[in-house]
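The following pair of complexes shares a single chain, chain A, combined with chain B in the former and chain C in the latter.
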Partner chain A sequence: MEAEKVIELAGVEKTFRDFWLRPTVKAVDGLDLSVARGEVFGLLGPNGSGKSTTIKMILGLLGPSAGSIRLFGLSPRSIEARKRIGYLPELSYLHPFLTASETLHYYAGLCGLDRTTARSRATQLLEMVGLEEVAGRAVGGFSKGMARRVALASSLIGKPELLVLDEPTSGLDPVSTNEVKTLVKTLARGGMTILMTSHLLADAEDVCGRVMIVNHGKAVAEGRIGEIGSSLNEFFLAKVGEGRDFKVAPFLQ
Partner chain B sequence: MRKFFAIARATALEMACEPLALLLTLSAMALAVLTPVMHYHQFGEASRMARDAGLSALLVFGIAYGVFCTVKSIRREIDSGTIEMALAHSVSRAQFFLAKIAGAAIAYFVFAATVASVSLIVVNGAEIGGRIAKRTGDVAAVFGPSRVFALVAMVGGVAFAAVLNRFCRFRFTLSATVLLLGLSVVGLVPYFDAKLAARFLPVAAELTLPALVFIAASAAFAVRWRENAATTAAGGLFLAAMPLLGNYYLSDVLSKGGSLPLWHPALAVLATLPSIAAFAWLGVSLLEGRDVGGT
Partner chain C sequence: MKALWQIVKLELLANFRSRSFYLLTAAVVLWMTALPAFVKSDGTSEGARQICIHYSLAGAFAMVLMALAGAAAGSLSRERAAKRLQLTAVRPVRFFTIAAGRYLALMLVGTMQIALAGGILTLKSDMDLSRPCDHLLSPVLPSVWEEAEAMYSVYMQDEETPEEVRKMDKREVIRLLAAKAPDHYQTVATNETARWFFPDFVPSGAVKVQLRFTNTYDTREDVCGLFRLGCAEGVVSNITQAVAKVPLAGMIDQVVGERVLEFANQGGGSLMLRPRRDIKLLVEADGFGWNLVRALLELTAILSVAIAFAIFLGAGLSRSVAVFTVVAFLVLALVSPAVVEESDEFASNKYDRIGIRLARVAEKITRPAGSLAPLEKLAGDICVEKSEVAKTILLDFAVYPLVFIFLAALAIPRKQDLA
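What follows is the complex of A and B.
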């Protein structure tokens, strides 16, 4: 029996427009994608390839210019669908004036959790990300890594069925990166569906079951990690290209 | 409703942590407390000056507080990306926008309660001082202990908040806001005059209505425009609406020793609600129609 499709994108396009509605950039161009329940799916691609735009359309933050998006079989703007999602954006967007504990209570409130559940989950998650000592400090004064941990804890407070991670290891040191990868693997083993983007191909290789490579808003390759053949790094470069050399000589003269 | 309250609470907390909000609160308090000290009035008019200055501070600084802090709060959500985190949860855009307005209104009421309390202290103190001065010929008595208390409350509240921040890591602006409100309300105990309060407070309450309209308007503008443009648009609306606010009537009623007839606040509320509803609808429509987190 085929597993339930958690995310389904068909022919999705996104064109950004300026104030006068003139098209400025086509960020996503005819993307088809599907993620089944329990999968860890990696969306890979160079900077500006349309990964974050795709994720934001899946979350209902951006409206597609064409095509259709279904989340748990529903529209991404539907409250019912979004009840089941946790989201970690590329940059840790946090209210700087709230403490770490207040931040988690805020997101617990947005998930509709009662006070007792919110308190116990906030305590567990702060302990999990190693921030219980600074729970009462405003997150505005946190380092990038600490803010990342708070954002990660916030994305998990509602115990989501689908976790969307945009560059989850961005700004983390190697030790914290390892911890996040271990966490993602543990959550996946527990049955959580995970959609993640990453620039670090080794991370994706360690964590993802299936990947899609996007470039200029289009899917250029898709496959299971074990079936790609060579390493993900070589596969990625073959599909996206080696890039160009910086012409440094004239500048140095 | 939990989601609504979570957003409203965070917004109120954010505004109470905003340095500009504290600055506006202190400025409004200073205007109410210090205006009668300026010798621009006849002897015996200190109480009227205190009352008019308090009410003017409540109106003008209240609108400024509502506009600046609401625009900042909404724009910060959009520009910093926290709105993405919120809307990725099961929160509708309408719920988010209305909760932001509610949170801004809660913070504004803390401001209004502080300024109204301090004004009541000063007005009553000036009336008592005026009577003593008339009887004894001691002109300085007009600026008696009520004003000293109000000044000490302002400086002391801020200083104690600094101490709490230094030694207990409490958030300075939040502590100062809470202390200023607390001290203003405590100061009312020795200076509370039920008759004066019954006349003054309905007028003060009516003056909060324009600020609520401006909170809804500036929130709607901030969804569409950046901070400076949204503030300018709200400022333009203020200039256009100022002659229509009709506050001379309120001042006149109080000056003649009367109080507001019941129909007046009721009519003011009826006139205000459609404006708030219209701007709330505009804000919700603009937020529903816009991309969040686009490039």
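What follows is the complex of A and C.
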């Protein structure tokens, strides 16, 4: 039996327009994508390839110019779909005046959790990300890595069925990066569906079951990690290109 | 409801922890307590009372209005610019809840500040909470349009009517005459009796006639005569004040039927007055304390419209544009009534008339947020009527904010840089 589709994109396009509604950039161009329940799916691509725009459309933050997007068979902007999503953005975007504990309680409240459940989950999550000692400190004074941990914990407070991670290891030291990767694998084993983007191909190779490489808004390759045949890095460069060599400016020579 | 409460709490915490709440509170307390010491009064208790209401309370309210409207305009736009709004928007929360939560939090802050200003006012030694205030009744006259129609032919035959006005469309001239109707004079000759109808008059306490002479004609020393309302009478002679209140003595509760106020002019000269402005009946109502509560409720309602409008602007515009627009709107709201009130379109040239018309439109649009009438009434011991308060609450607490918050909810996802 085919696994339930959690994310389905069909012929999705996104064209950004200027004030006069003239098209400026076509960020996503006819993207088809499908992620099944329990999968860890990696969306890879160079800077400006349309990964973040795709994620924002999946989350309902942007509407597509053409095509259709369904999450759990629902519109991404429906309340029912949003109840089942957790999101970790590329930067943490926390309210600097809230403490770590208050941040988690805030998002727990938005997810409709009662006070007892919110308290219990906040305590467990802060312990999980190693911030229980600083739970009462304002996150405005946190280092980038600590803020990232709070953001990760807050994305999980609603116990989502789909977790969307935009560069989850960005700003983390190697030890924390390993911890996050282990956490992602554990969550996936528990049945959570995970969609992630990463510039660090080694990270994607470690945790993703399947990847899609996008370039100029189009899918250029898709496959299971074990079936690619070479390392993900070689596969990526083969599909996207080697890039250009920097020609050192004469005054620097 | 949980999500709404979380957003209210977040906005309140933002206010408390950024210290803006405490700064505003300190400013209100300072303004209410220290300002009367710096403003020169006439030395009387009444003068001090007027300063406390006209300067302290009005100034504190203007300060709270500007500060919170600015904060409301920046609330959503700042969150969007800092990319924090997207983290709320991906949760199972309606955009309406996001906008409504911010409105409620800022209203809570505003209500606290207005209550604080009112509370300080009641502690002033010049404020007697039991001091009576009066219902203000105006005579019922023919409508301004009927009066303008009746005046049209007389006005056009008048040699002094400017040629430019003669060339104007009849409807336009009638509109201008109707706008000037409150300033039309009625002449009461010596030994003549004038009558004004007050069908809304209900005998419920002491009654006074208010005569107000704010015109350029020097009539105040010559007024001499007798007011009669049913069996109650009051004598007026040698008025030396711009506003005279003439108590009516007698069987006031037996006034039934047509409720006609008569004035028999017994002076040496004719009396000229503007019935729409200069003659009123004052019927005793409750005390200053309750009147203050009603006036503060009306001010809170004005604040409510301004905050909701500012949140709508912040949902669709960037922070700087939203803050500028809301401040410009509030300034327009405060200035346009004065322009409309003071302007004389007959005496203006074509370009001035265009300006006055624009001011009229602005005054109409900004009317819900533009009137400080409750404070004028409070200072003049005039009752802020319960019916007015109920109407204001219905419109300014319910209808307008709901519309603006609904519009804000539509604007939030349409603003592309939400993400």
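Note that the second predicted complex is superposed on the first by the 250 of 253 C-alpha atoms of A that agree within 3 Å, B and C clash if a C-alpha of one lies under 4 Å from a C-alpha of the other, contacts with A are read in each partner's own complex, and residues count from 1 in each chain.
Definition applied: a residue touches a chain if its C-beta (ideal position, glycine included) is under 8 Å from a C-beta of that chain, and two chains touch if they have at least 3 such contacts.
Remember, it's a predicted structure, so these values are computed and weren't measured experimentally.
Following the overlay on chain A, a clash is recorded for the pair chain B and chain C. Once the two complexes are overlaid on the shared chain, A:R137 sits against chain B while remaining clear of chain C. Shared-chain residue A:A27: touches chain B; no touch with chain C.
Comparing 185-193, 275-283, 311-319 or 347-355 from chain C against chain B in the aligned model shows that the clashing stretch is 311-319.
In the superposition on chain A, the residues of chain A touched by chain B in one structure and by chain C in the other are 16, 56, 59-63, 79-80, 82-83, 85, 87, 89, 91, 93-95, 97-98, 102, 105-107, 109-114, 138, 154, 158. Residues 16, 56, 59-63, 77, 79-80, 82-83, 85, 87, 89, 91, 93-95, 97-98, 102, 105-107, 109-114, 138, 154, 158 of chain A touch chain C in their complex. Residues 2-3, 5-7, 9-10, 13-14, 17, 80-82, 84-92, 169, 171, 174, 291-295 of chain B are the ones touching chain A in the complex.
Residue ranges of chain C in contact with chain A, taken from their complex: 2-3, 5-7, 9-10, 13-14, 17-18, 82-84, 86-94, 413, 416, 418-419. In the complex of the two chains, the chain A residues touching chain B come out as 16, 25, 27, 53, 56, 59-63, 79-80, 82-83, 85, 87, 89, 91, 93-95, 97-98, 102, 105-114, 136-138, 151, 154, 158, 164.
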